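The structure follows.
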Amino acid sequence: MGQIITFGEVLLRISPRGNKKFIQSNIVEFYFGGTELNVGISISNFGGNVKHISAVSDDFIGETAMAYIRKFGVDTSSITLSKRPLGVYFLEVGAVIRPSMISYNRSHSAFSEIEPTKVNWENALQNGEWVHWTGITPALSKGAYETLREGLKLARQKGLAVSADPTYRSGLWKYEQDPKEALSELLNYSTIFIGGVNEINEVLGTDFGYENDDFIEASKQLMLAFPTIEKVFDKIRTSLNSSWHKIRARMWNGTDFRETEDLDITHVVDRIGTGDAFAAGLIYGLQKYDDYKAMEFASAACALKHTYEGDVNLATVKEVTNILGGNITGRLVR
Amino acid sequence: MGQIITFGEVLLRISPRGNKKFIQSNIVEFYFGGTELNVGISISNFGGNVKHISAVSDDFIGETAMAYIRKFGVDTSSITLSKRPLGVYFLEVGAVIRPSMISYNRSHSAFSEIEPTKVNWENALQNGEWVHWTGITPALSKGAYETLREGLKLARQKGLAVSADPTYRSGLWKYEQDPKEALSELLNYSTIFIGGVNEINEVLGTDFGYENDDFIEASKQLMLAFPTIEKVFDKIRTSLNSSWHKIRARMWNGTDFRETEDLDITHVVDRIGTGDAFAAGLIYGLQKYDDYKAMEFASAACALKHTYEGDVNLATVKEVTNILGGNITGRLVR
Amino acid sequence: MGQIITFGEVLLRISPRGNKKFIQSNIVEFYFGGTELNVGISISNFGGNVKHISAVSDDFIGETAMAYIRKFGVDTSSITLSKRPLGVYFLEVGAVIRPSMISYNRSHSAFSEIEPTKVNWENALQNGEWVHWTGITPALSKGAYETLREGLKLARQKGLAVSADPTYRSGLWKYEQDPKEALSELLNYSTIFIGGVNEINEVLGTDFGYENDDFIEASKQLMLAFPTIEKVFDKIRTSLNSSWHKIRARMWNGTDFRETEDLDITHVVDRIGTGDAFAAGLIYGLQKYDDYKAMEFASAACALKHTYEGDVNLATVKEVTNILGGNITGRLVR
Amino acid sequence: MGQIITFGEVLLRISPRGNKKFIQSNIVEFYFGGTELNVGISISNFGGNVKHISAVSDDFIGETAMAYIRKFGVDTSSITLSKRPLGVYFLEVGAVIRPSMISYNRSHSAFSEIEPTKVNWENALQNGEWVHWTGITPALSKGAYETLREGLKLARQKGLAVSADPTYRSGLWKYEQDPKEALSELLNYSTIFIGGVNEINEVLGTDFGYENDDFIEASKQLMLAFPTIEKVFDKIRTSLNSSWHKIRARMWNGTDFRETEDLDITHVVDRIGTGDAFAAGLIYGLQKYDDYKAMEFASAACALKHTYEGDVNLATVKEVTNILGGNITGRLVR
Amino acid sequence: MGQIITFGEVLLRISPRGNKKFIQSNIVEFYFGGTELNVGISISNFGGNVKHISAVSDDFIGETAMAYIRKFGVDTSSITLSKRPLGVYFLEVGAVIRPSMISYNRSHSAFSEIEPTKVNWENALQNGEWVHWTGITPALSKGAYETLREGLKLARQKGLAVSADPTYRSGLWKYEQDPKEALSELLNYSTIFIGGVNEINEVLGTDFGYENDDFIEASKQLMLAFPTIEKVFDKIRTSLNSSWHKIRARMWNGTDFRETEDLDITHVVDRIGTGDAFAAGLIYGLQKYDDYKAMEFASAACALKHTYEGDVNLATVKEVTNILGGNITGRLVR
Amino acid sequence: MGQIITFGEVLLRISPRGNKKFIQSNIVEFYFGGTELNVGISISNFGGNVKHISAVSDDFIGETAMAYIRKFGVDTSSITLSKRPLGVYFLEVGAVIRPSMISYNRSHSAFSEIEPTKVNWENALQNGEWVHWTGITPALSKGAYETLREGLKLARQKGLAVSADPTYRSGLWKYEQDPKEALSELLNYSTIFIGGVNEINEVLGTDFGYENDDFIEASKQLMLAFPTIEKVFDKIRTSLNSSWHKIRARMWNGTDFRETEDLDITHVVDRIGTGDAFAAGLIYGLQKYDDYKAMEFASAACALKHTYEGDVNLATVKEVTNILGGNITGRLVR
């Protein structure tokens, strides 16, 4: 495989241990995350060659973030340093009927001042085979949106695959920009759509329901509207409560609809980054397997992520395929 | 709302982390608790104005206890200092078929020497609207019983609401006093009874069963025997094992019987103080809502408490009502 | 009861906390374990008189291991010191569909160089009533196999009971020795067989299935082949995933087949050493109760072990029998 | 004493344990600080009646900050909530020849958007006797400067004492404002100057040296320039390295020059907030003692702060005066 | 050597980590201690055969205490179980000019109800060679005093050595008993006096100074008053502050006065139990070496104890004698 | 600079926190180390381009080691995987007069089976400018010695600089090989000698004293015996005790003798790897500065390393040169 390029904010995540709240203990743990970075690290853990592009703070926190990314073998050579601080998010992990809560401190972060002039896309995409983006990045700032757009434009010119996870979080779009317009612009450069009916409705302005037939029809309309998109993959989560989820996936690749079985996650360890694990599994899988197996791989990867603390999926290809092989009883590996 | 007054022992709780036993690790965590304090702190977390009356040790442990109470915004101005040490309890948290275990060191604690002369009830109840008591306090010592009795007497004279949680723990009554007699005396000043058939049988000397009809009949007889009591609320716990409980509640308010649905607590984090969370929810709820909604609020508060470490319910009103609104799938809050 | 003797390697177990991987945190916890030691410590926790025979490193790690064994009241006077390091195993605890993983560093450990000349069996068995062995020990080295064989031989001469847990782990047998031959030789000195159809198939070279009838027939053939064996006990685990198991047991004692009910372990805390907890329960139980009750005791002990961190069952007899009495709802013990 | 009012930013401090760097461990501890809050909490620990005025984030981090302030008995009723995040600072604690390092994330914090309209100074100063300010606040933003100026103006009108710690940190002044001008404006409302020759040179534009004579002359000129200033107190730190400091103080009160002996801090635990501990000691001391004893008290308080982790001096009056009594050998207190 | 017998209370020590106060963190560590137990464990660490006699609580805390004692190889067979809780002490570790602080919760502990009928001294002293006592035990309760007196009486009858560390802590003597009288009675059965001029003044009612000549004269008078006493050993601590001490010792054995050099403890880790380490070193040393070398050994043992957390000296004989050999530069041992 | 190549074992270091012993707490921390790796990581932290060559275990411990090395930006592409476990060392950190203690488990480690066929030196040295070796590697095994010899031979052919730190630890040489002979062979390919009189005496069989004149004469004789050696650098440690060291350095470069001032390390945090920090400082310095400034840089780097936990120097060039500039008072860096 050539290089997979991810572009997005790196966030410092700080959370109390277990299910504690900050008010209960002054000892906390940190990890680094950020939706696109999570995808990149997971692909690197699968053995992929990954470069992450971002901006971090020019201090010991930024250096620690860089070290964290290097630790997982991801190329940090296109990450620039900024005088602004690294974005932070605080997390309190819920349980059962108590939801997890997140509070962000990212609006004036190192990444928020990124601009097209700060990223040399020509260089960055030199050995690239695939670019992945999400809807978080264009929401953060005008500069982030424009920088991403430049990158995707070039990626398409060079014929790279472009996967889009256009997650729409309305609270994030604080600058003057119509989200639908921006996402549409970016989807014009994309080949793989990772999202469900909600995301399609958002960009098309439609009102599809959640049944499989709705999904298929929505996917078809999406492909009509954005002809570069070849395949649509949708991850479906069923939550009993904060601690017990089920995960399955479905797809429409222009000709076939397929669906996986539910994977039962009876004891969620950490729910953050599970969508990113799905995307990473898909990107890796589509380069190795057929569409359905890629989706199965992504679905198992997503389920596995629920068992790791932190934002990042630590599973290897062997660990994911083991589950595909039906090995879900957790038998001890010596 | 006027001020809610709680009166009772403050205990230092010490426990190993997770499901460890003391024999396994010399690193432990502490919280403070005590059934009436738990009620007070939870009401304060709901935004109520709460004063807790107690006696703590005149050392750095007592100061830490005071700081803990202040942290949650509860008024500590009526807490006195004692030369005796603060009561302590040690907890080993069980799991599945292993029960949690508690060992107390409280028989000669700071609170155990409390006497009527040490509490200025006139002052303490000045802005009071509600007094809450439990069956633990009169069991601890003659002085504690008599001090409580004085307070309740005055509370009734002033027309305050008085809620009673007459939990009967036979092992606690070590001084010369018939528990039934003492609890009856205190119920004569009470308006809300928080307890079930067991507690009613204990004070009436009856033998009612656990069906709803039994509960209604028992409540009626209780109200006959203690005419100040207006309402009876009963929390019902169904335990699969230490780690999996269900909670519901029922009530008889003199005219209506109502019952809530079970809330399924599939992964118990900490079971201590859940009854206190119910009482706190009820006291808060009865001042804001009708009887049934108050009970629903209390039941959801109780269920939520199972997801927090420590003795105290940390939930806000918004978090509790969110569950009443049917929001129990634990969707991440950003 | 006379003394129970266990013989086997003592291992240092090192694992990150909770479900973390080593790559995630540089803070880890350690316990000591080793299958036969686990059995010995559990029996000591039941009040039995236990001696463990082994070799540990002559350094502060070996001294810490000795202290750990003494802590549980097990006699360490027959443990010798070696210039080689103590064996280590690293554990990453899985969850749900992620299996736990173990990596060993034991091939040149203190115990690996044990030889018949290093253990004075005559002394060691002086007050002995029962010797327990497992299939791990003969797999480790020729010296370990021969030393064990000498001990069992003498134990039989003296009329001690000998329980065998001939767990077969093919990866362990690295020296020149046919496992089946060695295990058979050792079974010739054994009176209680703790194992199921797999283990019987392994030593007999048969191919029995897993139904109860298969188990009975297999047990009968085993007793024919090894006439000293009087009873066969089989623990059956049903795993939904890494975090949710069920445990039951069955037996054939030459005349009767019996089977226990499943115990549902909905939230596994630590799965390591649960088989050893079963063996310990059985050895203790067979000296106190009839065969069926011993098996029930062993089964409950095994289930309880899933709720303790570390390799060792910390349950007391009272805690186990409490479960036998049907008390599995985890009601708080004050 | 009447109420002491402090006004300034509340910061979340996050640091690895011991002398670790963030790159070494993902487990960190947090405290809250902020120079004026540190002063307020220390005075509250001395038994003073303190109100802190600030703005914190309207999330669980802000709530934790409020709880932290309440814990120490400081009045939080004038703290407002903001949609912006709480300011954060990251700290790596040095040792010996390695300096501690701090990185801030505060430029767009909750406090940074404070404005005169957000603080009701009339209310806030109602029971006030003393206001304390530092040079950090006017540096943070125009709004912070103007809000402080309003408060000081009113304080002077009401005849309150005003202590100034005009610490000048050039890196902080990022908005359009001449620091010297702003500090001078604020000194016009101040009665006690806590600072040394550096700070005087900064506001006067002079170039005094560090000898006692220089200090006296500088103080005289300061009082000429700012006639409301009655006394000048200067804390002098002699650092062997990060881990070994000596502290003494000197003063000029218009008539007398006095100087204390060095206190030898051979093993620094935490150097942060030691200047604030000096200021707090002084403010408390000047209300209880004569000038020289107040300075001695402040100097001992400052020295003691070096022995507490976190930003805040936890010493009581008894603990400080114990040192004044010559009791510096650290004899165990039972 | 025969068995050394120690008799005294076992205390649970709970303290925050490092130099934190309880108000700062809810994570704390525990150890077990008690002056006589500390002596016993240290002697056991030197290879001695030690039995500790006490009473502990009949709960999981008492079981943990027993396990702790067994861990160090000390015989627990004469420890009885009590319905009362184990004594507890809370410790905040000071630094530099901040003293450490201790708060006790022991007045109604398991040990406080000990009485002569609860200890079978005949059995307990069966293999005894030496009994050690301190002034803490007779201060705790009448029963403790009388039980100790019985034991010492029998020890003298059997000709055992008896070492006395008559530490006088006036705050402890709360029952009706003249301390001087009680200590004198117990000294009548003692052969080795571990204490200095203060302790001698206390029992003789004299007023000696601290110079060596005073010490010699005081010792002579002590031996006149208590003719069984053969030797007096005095440990002298010079404290710069809480974190920096120097230790030396002096002796009078009836004929010779000797004195050791100061050992410089530049970075105190834990000061608790250092006197007990001296006593243990002495008891061990007097059985192996001449008086002066025994004192040197004790002095080095005492100095080493300052480098271990917890109440107990963990040093081996090899580690102590290494220092006697002049090896105090702390060169790494591989 | 071209690439610096280090070759040697990677060890997992496990140690209790602070000054605890393993017997005191089951919570421990780990880092990775190994003398040559330590040098490599430090140079990478200075901004150098470094490749480390080694063999690690093919399990999650080996993967964690690789991640650790990558985290610091060191090239791991020439590290091979082995079926053997990673070498481990256990460390108990002493204090004051208590020495730190180390116990190794490395004799059958992944690295111990390295052989010339496993390292492609031609590839590895492709961009090389400097190779660093120490006396630990040839001591570990015949294969390690021979592999190193091949590498050095090639390095000399290619004209790379070769620095030698021929630390001699007699306990390590367990295979059939004369240490003096092996070290001499390797010195024949070396250009920089990092060591003192002891190391020179060891390889020359001489008996020089420790004075500067001895050092100069010894260096001259060394250069006669090994004509490729151009410069000799000697780090001198003066230890008051485990917690207080002084560091200085001296050199002979064939023409000049120079010596640095002592750097006073009054509070040692971690003494491990300080020699490696000196070597790393020298290798970096000699490529940037003249000989004397390189030695000063190395000396300051060595002193700084005493303030970081773990085996590795985390200091940057800026932090080291700051000290060279005389900035040793540890003033806070904001």
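In this document, chain identifiers A, B, C, D, E and F correspond to the written order of the chains, with residue numbering beginning at 1 in each.
FYI, contacts are C-beta pairs under 8 Å (C-beta built on N, C-alpha and C of every residue); 3 or more make two chains touch, one makes a residue touch a chain.
Note that this is a predicted model, so its numbers are computed, not measured.
Shared contact partners of chain B and chain E, listed by label: A, C, D, F. Greatest centre-to-centre distance from chain D is found for C, with centres as Cα means. The pairing of chain B with chain C is characterised as different-residue: of all residue numbers used at this interface, under half are used by both copies. Taking each chain's centre as the mean of its CA atoms, E is the chain most distant from chain A.
Between chain B and chain D, the centres computed from C-alpha atoms are 42 Å apart. If you average the Cα atoms of chain D and of chain E, the two centres end up 45 Å apart. Within chain E, the positions touching two or more other chains are listed as 18, 21, 23-27, 29, 31, 67, 71, 101, 104, 267. For chain B in complex with chain A, the residues that touch the partner chain are 18, 29, 31, 71, 263-269, 300, 303-304, 306-310, 314-315, 319, 323, 327-334. Chain C meets chain D in the complex at residues 24-27.
Against chain F, in their complex, chain C makes its touches with residues 14, 21-23, 26-31, 57, 59-61, 63-64, 67, 84-86, 88, 90, 92, 101, 103-105, 107-108. Residues 67-68, 70-73 of chain F are the ones that touch chain A when the two sit in their complex.
Chain D makes touch with chain F in their complex at residues 18-21, 23-25, 94-102, 104, 169, 171, 239-244, 267, 271-272.
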